């Protein structure tokens, strides 16, 4: 089964997700600064989600690059990841339109947590196919950054009901943590 | 004529279909749990259709992988399949918004039936081009799973007017039946 | 300059055009047959436009396959063709929603005429690059089918104001005329 | 890291941006010429933005063609460029719906300025990776056209508040200036 078509399909889905999110930035009717103001939280959520989806594309790119072949499990694990990512435009729009209030902020965290879990399932499916001694397995190591992200998301969800800004700050923290591309895989593969 | 471009175009169309379906999940105005409740049937229909489109992408992937070349008939048979798949977001939204009531459930089945027929026309066009003794022809065999799916869809359409849940359960059954990738083709090709 | 990326970009744009057209089929609020009835003209226009865009993709595929390289002129001629095709969802929605009334029917013909002209400009740019003695130049020949289509569109535009059904029938005629893939190019290239 | 996937992803995003812009051309309810009139400024803005995005795709094509490999910096510089381009449909719709009034015209210029800056950051990241003596570095030269465009955008933003037509004319001027593909890179690479 060809890896190229899986990458092309994932690229297509991620490209569309990243682009239709901007449709939530509804064109205002007025032409003054006042009509732009309510769009500010929607814009900030868009920036955050754009960075998250960009990170996923980036890491997906590295991960698939490390995979030498594709099987049925990897294919469905990949579709599972794309499913959770496809919900990002919805939760982005909901959180943005409601100015980061508690429930939308918590649901945003749930989708991010599920996407994170789906990514680690995909990574495991690829490692399982390649064997525990493969370069990818060594490169992934204990995957501390991945586990820490999941823990931070899991913590942010209940915290959104205490104070939504703590949850939002946690999401920004996770995004910043990942903005650096996954050099572990990159470095190991170049050896 | 190059197979690559047919695959790339189909990937693009399927990626967009799978992603614009999520636009039917309209961002609610309220920020409480009450505003999410009416979205539940829309979400469940989205999950079902996502799985169906994922199955089509998956099987399309296998089928085209087995095709060694493309001709005009295959090209139009493929566009015919994509036509019926392009109606999936519409019937998904209609069934979801009307909480699985009879007519939308039946129309959903009609589109699924037509997509299934279009897929088997495409498979036949590829087999016809390769010859009855080809690996693909042997791999397809009597295509019992395909024929059973068409029969189940055809049965579900009138049953939707008796009780819509019977029809919905039938769709879920067909989806589960196909979640396993088409190992027949995979296995035969690896011989 | 690589032909592959021009094809991939065109595939992407055409795939999106063909898919967002279906968004004009707005999900009705009712769940009965009565709520589907006003969608019938929109659906029929969608089928017609789907066939037209499918024909363009098909012929574009053949044309680019025959091109051995790309230059700046071909690149912009291609973007020019995609521009007119990108207006197809708008005129499809307008004609469908107004039940094929005169002005939308005429404007539909204008966009089709411009797309046809843009296609022949693109074909000429590729032939110019390859030389008058090239296989493609011979395969295109006098391009009678192309010229006849342009003449039929040009005739249909004023006829839409006499009787819109004459114009609509002309569009269907042109679509049927092209449903057969461009065997001229195919045949010549296989020699 | 493979250049192909970066190109494919960028192609996807740019193809979607160029196509969803047309969704701002909302299908009018009436079928007469009067209902088309308010769409004229939206249509003209669409044409302008289509040309701009076409130019970016074109130059991006040339730039990436000149890059021999991709690193993390190039990857994020590319995502940064796509971010600003993704805002083009929003500012296009806003400027078009408000008939080129001052603030939307200025905001349009800001997004164009940011996209221009993002493009030059991307170009620099690629040059930095290839070395100052590389073909691309020589081909880019002092990048007078790039710098002039940025200066014109920067000038157009305040001028939009003096007279919006001066700003609009400036945007058209920049577009015309770039309609000629970047022959510098093309010429140098062919040596």
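The first chain written gets the first letter, and so on, giving A, B, C and D; residue counts start at 1 in each chain.
Just so we're on the same page, contacts are C-beta pairs under 8 Å (C-beta built on N, C-alpha and C of every residue); 3 or more make two chains touch, one makes a residue touch a chain.
Owing to the predicted nature of the structure, the values given are computational and were not obtained by experimental measurement.
Taking shared numbers over all numbers used, the chain A to chain B interface scores under half, which places it in the different class.
The angle of the rotation carrying chain B onto chain C, fitted on C-alpha atoms and rounded to the nearest 5, is 90°.
Chain D has its Cα centroid 26 Å from the Cα centroid of chain A.
Distance between chain A and chain C, defined via averaged C-alpha coordinates, is recorded as 37 Å. Across the assembly, chain C contributes 8, 12, 15-16, 20, 23 as residues in contact with two or more other chains. Within the complex, the chain C residues that touch chain D are 1-2, 5, 8-9, 12-13, 15-17, 20, 23-24, 72, 75-76, 79, 82-83, 86-87, 89-90, 93-94, 97-98, 101-104, 107. Contact residues of chain D toward chain C in the complex are 7-8, 11-12, 14-16, 18-20, 22-23, 25, 27-33, 36, 47, 50, 54, 57-58, 61-62, 65, 179-181, 183, 186.
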